[in-house]
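Pasting the structures in now, so scroll down.
There are two complexes below, and they share chain A, which is joined by chain B in the first and by chain C in the second.
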Partner chain A sequence: MAMIRNKARHRLVAVSLILPYVAIFALVFAYPVIEVVRMSFTNAPLIGGGEWIGLGNYIRLFSDKLFYTSVVNNGYFVLLTVIPTTVIALAIALAVNRLSGRMQALVLVMFFTPYVLPVSVVTQIWAWMLDFQFGILQPVIEFFTGKPVPVFKNPNWVMPTVATVTIWWTNGFNVLLFLAGLRNIPTELYEAAALDGATRRQLFWRITWPLLWPVTALVLTLQLILQLKIFDQIYLLSQGGPFNSSYVLLLMVYREAFQLNHGGYAAAISLVLFLLIVVISVLQFQILRIGGKGK
Partner chain B sequence: MNHQRRFENIALTCITLVAGIIWIFPLYWAFVTSIRSEDRVVSEAAGLLPDEFNISSYVDAMFNTSLIDWYINSIGTSLIITLVVLVTGMMCAYALSQMQFPGRRLLYGIVLASFMVPAQALVVPQFVLMNDLGLINKWGGIILPQLVVPVVIIVYKQFFDAVPKEMKEAVVLDGGGDYTLLFRVYLPLNWGITTALGIITFIMSWNAFLWPFLVITTEEMMTIPVGITQVNDAFGVAYARIMSVALLAAAPVVIAYLIFQKKVTEAVMISSGVKG
Partner chain C sequence: MENVARCKEGKSMKIKALVTASAIAAALGAMSPAWAQQTVTWWDFFSGGDGVRMKALIEEFNAEHPDIQIKGTTLEWGVPFYSKVRTSAAVGQGPDVMTYHLSRMPLGLSEGVLSPITEEDLQTAGLNEEDFFATALDAARDSEGQLHAVPFDIHSLVLYYNKSYLEGSRFLDDEGKLTGIESVADFEEAMQLAAENGSETPVTYATGDDGGTYRVFYTLLAQQGGTLISEDGEVLPGDSTDKAVKAVEIMTKWHEEGWQPEQALYEASVALFTSGKSAFQLNGVWEVPTMKDLEEGGKLGFEWGAVEVPKLMDSQTTWADSHAFAIPHQEGTEMPPEKREAVMTVIGWMEKHAIAWAEAGHIPAYKPVAESEEFATMQPNATYATLADRATYDPRSEVAGVASPAYDAAENIISPAIHGYMSPEEAVEQVKSELQSRMN
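Showing the complex of A and B:
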């Protein structure tokens, strides 16, 4: 009898411990997940009910030219950021890992500080540095192209520039992951290989690269997911322009929901973006795992 | 051979240092701009080195914008978010790690799955919900959707799993319950990870842009990252003032990072699973 009472009590305590989180989760996460699905099948405005229109939003979406523009731009942005940031972060981590003591701390601060900045601070600073008239980087651009370029108003320049700003901002995070990975590699391996007369290049390709692969795969996956969700920098720097050349899916969600008052349609786009992220990241994870096994 | 290695090492260190200086240059440049007069900023003669110490644009930023309101909103909402996320997270993680109850595995599965869902995909229904609750343009509206941070539970559970069982037995023999265990044993043993998670949660909520941007409708309710985008419109092209506002906006997180460097780097490594 006492045992049963104890067990019931134990459960009650457990419930009281999980309840605060579960209640918040149910309200602001689980319920919206259900709602986004339901709304995507209605013609609801942002606020207020709508009518069930079945697959109407999806049919409209797949014949919306702007949707394809956005998907292509999302893909282009991923291409411009994911692999470059991974390579740059690995190079920086290798360089920082060689250093020690205060020197290492100082250099790490230089590379990591941008990561803690609010996105709008980052965009304000870069908008100033790239200002068409007075920007300090315009002479550099002029040196290479012969004339200053209004980077956020030029369809060819806008995405690479936003990608550069993004890499500058978020790269420190990847550097840290690589550093942690490098520290997990036993130094004895390097010592033994060095005794056998291995060169720097051999040390890297035979020890560092294969042992670091799980971290590299993690960085690639996290970056892919992060960069597919691009919104803030584009909204703040180019607003999707010029001529929609930096229009992306999340910007489309924002425009449709909050400026054009198409709640249902925006929900459908959100859901497609969500599915896209899940499918691509699962796919990438599988490919990377197979890639890792080959080694 | 030895000579060559040495030379290579010095050269590599120099290259790294130069790269670091280039990397941090935008922040340096923002600072130099912020302490110049507006005329000097756009003059041909202005060089790379600080040549003026003019704090008028900081004074302007402080008193001719709503920066003080934005600070209060950012500090208030970020502190509440951090506190609630940590407390609800550790309680839930403790139950998942140390207790038996029906649905335990299911709950953990949901926590892991929710980690996969991009919060940005939920902004439309979340906005509708906040509207139904009357929380648009309120602190509550800014805070509520930011309270679900599954990774805090995942990290806490890992650390609670690793606490030796003997620590538990002594308290249980003394008649202590699970709340005593959590707050007197498990939490004190994990202060390190708690501060690390706290700092990273604070920085994340301080920097949140999209959600506060959507849910706030008036200038005096804005948080720092949203508010400073208004400054362009207010000042026009006035880069000294824009840079002053940007640096004032960034100061709290940058200072927090510089003070707690080790904790911040540790938190980033642990919460992404490369170090446990």
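Showing the complex of A and C:
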């Protein structure tokens, strides 16, 4: 009898602990998501109801040239950021790991500082450094190309530059993840391998790399999701130009919703982006898992 | 803060209404002076020199009207302002009166955020339709001719010039005024001359920004009689495409000759003129106060003037827009008649005191002020005021006007094209398909 009552109480406690989260989740996530899905089938403005137009928004979307341009640009940006930032973060983490004590803390702080800055500050710093008229990095560019380059106004330079800024900004966090991963590898393994006469290269490829793989897979997945959602840097640095060469899906959502008051169409684009992210990240995680099992 | 304040005000108004409705109200007749005072919530987007002058006008109004108090808030210009108006009006939390660009009327009308200004409203304000410039008034109407805003000014692109580069040439008359520019060839000759006289960039405008590029492009297109977007929604119909190509070609040539700055953002483009490096500046009238202040402070170092953009192509016309007053249509709430009366009183007073606003370079849309003696002696406004009758407003389309896809296209396509990243023909084709695809 007491047992049963205990069980019931147990459940009550559990429910009361979960309930606040579920309620908030339902209010600020589940409900808006359902609304977005509903809205994407209407011609609603930004605020207020609209009429049901079935697949109208999707038909329009799949015949909108700007949509395909944006998808390609999103892909290009992912290519420019995800793997480079992972490689750079791993290299920095390996180097920092060799330091110790205060020196390590100091270097870590230096790499982590950009991550603390808000995006508007980051873009302002880089906009100044790369300013066409007086940017202090222009002489460096001039040294390599022979003339100053308006980086955010040149269709070939804009995406790589935004990618560089993004990597500089977000890399610190990845370094931290890798460092935590490195610290989890028992030193005995390295000692034993060293006794067997393993070279530095062998130590890395036979011990560090496979044991670090779960962290690497996590960083790659987090980065993929994050970089597919690129918006702030583009909005602040290039506004999608020139010639739409930095136009991305979220910028399209913003312009349609807030500039042109097309809430329904914007909802349809966001839903497609959402599905893209889900599919790509699940796919990537599965591939990485399979890759990890082979090790 | 602003929201909280407004909510509180709303609540106390309701309580007051209850009180007045009840029989007890009669006994509390002594409270009526407090009840009669109207607070008008005002939103604008004026910063800088414009903002200072607008705030002075508001203060003056408040001092003169103990029964009506304007509570002004300045918000960020462009998309943020209009998004906020739209979203707040949709939930009945918008202002009582706001400033609005007439070029953005088409989108405002489609959003249904602009309440009609009736004949009665104008009477309350002490205004007549005949007292406004027709170009501005037409831009404030919907397709059925109903007014939805009261124009306050006309502001356009003008040509600023630095006399020191033109002295002794045929481009200055006996009084030292700009003359002799009647075609692109004349203007280019003047620029060539200025370059020889040591002007670094003979003509400056914001070549890397949306506004600067758009306004010059649109003026060159309009002077050829070209249409950016026709009334039935076609972008660059007929030979307007060729005319647009011509406009981009001219701007490209100025770049290739080194006559205009490369990738200049707005502030930099103004600085080129104020620092004396440019002989000409193509910019809006709103930079007049900057020039006047520098001149009065003795920091300018050269004599300047500003004129209506000369006839460079086939006819003389200039891009123009108007700031106007509008009353948002608030969802779910009807503005009480006393409040509406107060708002119209504010608008009427502002129109009649627009001479202070003209100090900011603008041309008053209200003719009794624009034709007053005081305005006739105001320089350089009086010189370029002739443009008011033949100005070309932005096309009436939801994708045109301030902070619209048309502006975006100027920064995204025309600006890089004039810097040589794309041929004028290709660029114009891209503008066409881009704007066409944004309409539905």
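The rule we apply is simple: the second predicted complex is superposed on the first by the 272 of 295 C-alpha atoms of A that agree within 3 Å, B and C clash if a C-alpha of one lies under 4 Å from a C-alpha of the other, contacts with A are read in each partner's own complex, and residues count from 1 in each chain.
Here is the rule we go by: a residue touches a chain if its C-beta (ideal position, glycine included) is under 8 Å from a C-beta of that chain, and two chains touch if they have at least 3 such contacts.
Model, not experiment: these values are computed from the prediction.
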Touching partner for A:Pro242 - first (chain B), second (chain C), both, neither: second
Touched partner set for A:Val278, first chain B, second chain C, both or neither: first
Which superposed partner A:Phe132 touches (first chain B, second chain C, both, neither): second
Touched partner set for A:Ile47, first chain B, second chain C, both or neither: both
Partner chain(s) touched by A:Phe258 [first = chain B, second = chain C, both, neither]: both
First, second, both or neither for A:Lys65, with chain B first and chain C second: second
Contacts of A:Thr164 with chain B and chain C, given as first, second, both or neither: neither
Broader residue contact with chain A after superposition on the shared chain, chain B or chain C: B
First (chain B), second (chain C), both or neither touched by A:Asp232: first
Common interface residues of chain A - those touching chain B in one complex and chain C in the other: 46-47, 133, 258
Touch list for chain A against partner chain B, complex: 10-11, 13-15, 17-18, 20-22, 24-25, 27-29, 31-33, 35-36, 39, 46-47, 92, 95-96, 98-99, 103, 105-114, 116-121, 124-126, 128-129, 131, 133-134, 136, 168, 173, 176-177, 179-181, 184, 215, 218, 222, 225, 229, 231-232, 236, 250, 253-254, 257-258, 263, 266-267, 270-271, 273-274, 277-278, 281
Chain A residues touching chain C - in the complex, by the definition given at the top: 45-48, 60, 64-66, 132-133, 150, 153-155, 239-244, 255, 258-262, 265
Contact footprint of chain A on chain C as seen in their complex: 79, 83, 86-87, 90-91, 107, 110-111, 208, 262-264, 268, 331, 398-399, 403-405, 408, 411-413, 415-416, 419, 421-422, 430, 433-434, 437-438, 440
Residue numbers on chain B that touch chain A, as the complex places them: 9, 12-13, 15-17, 19-21, 23-24, 26-27, 29-30, 33, 41-42, 84, 87-89, 91-92, 94-96, 99-102, 104, 107, 110, 114, 116-118, 120-129, 131, 144-145, 147-148, 153, 177-179, 182, 203, 206-207, 209-210, 214, 224-226, 228-229, 232, 239, 242-243, 245-247, 249-250, 253-254, 256-258, 261, 264-265, 268-269, 272-275
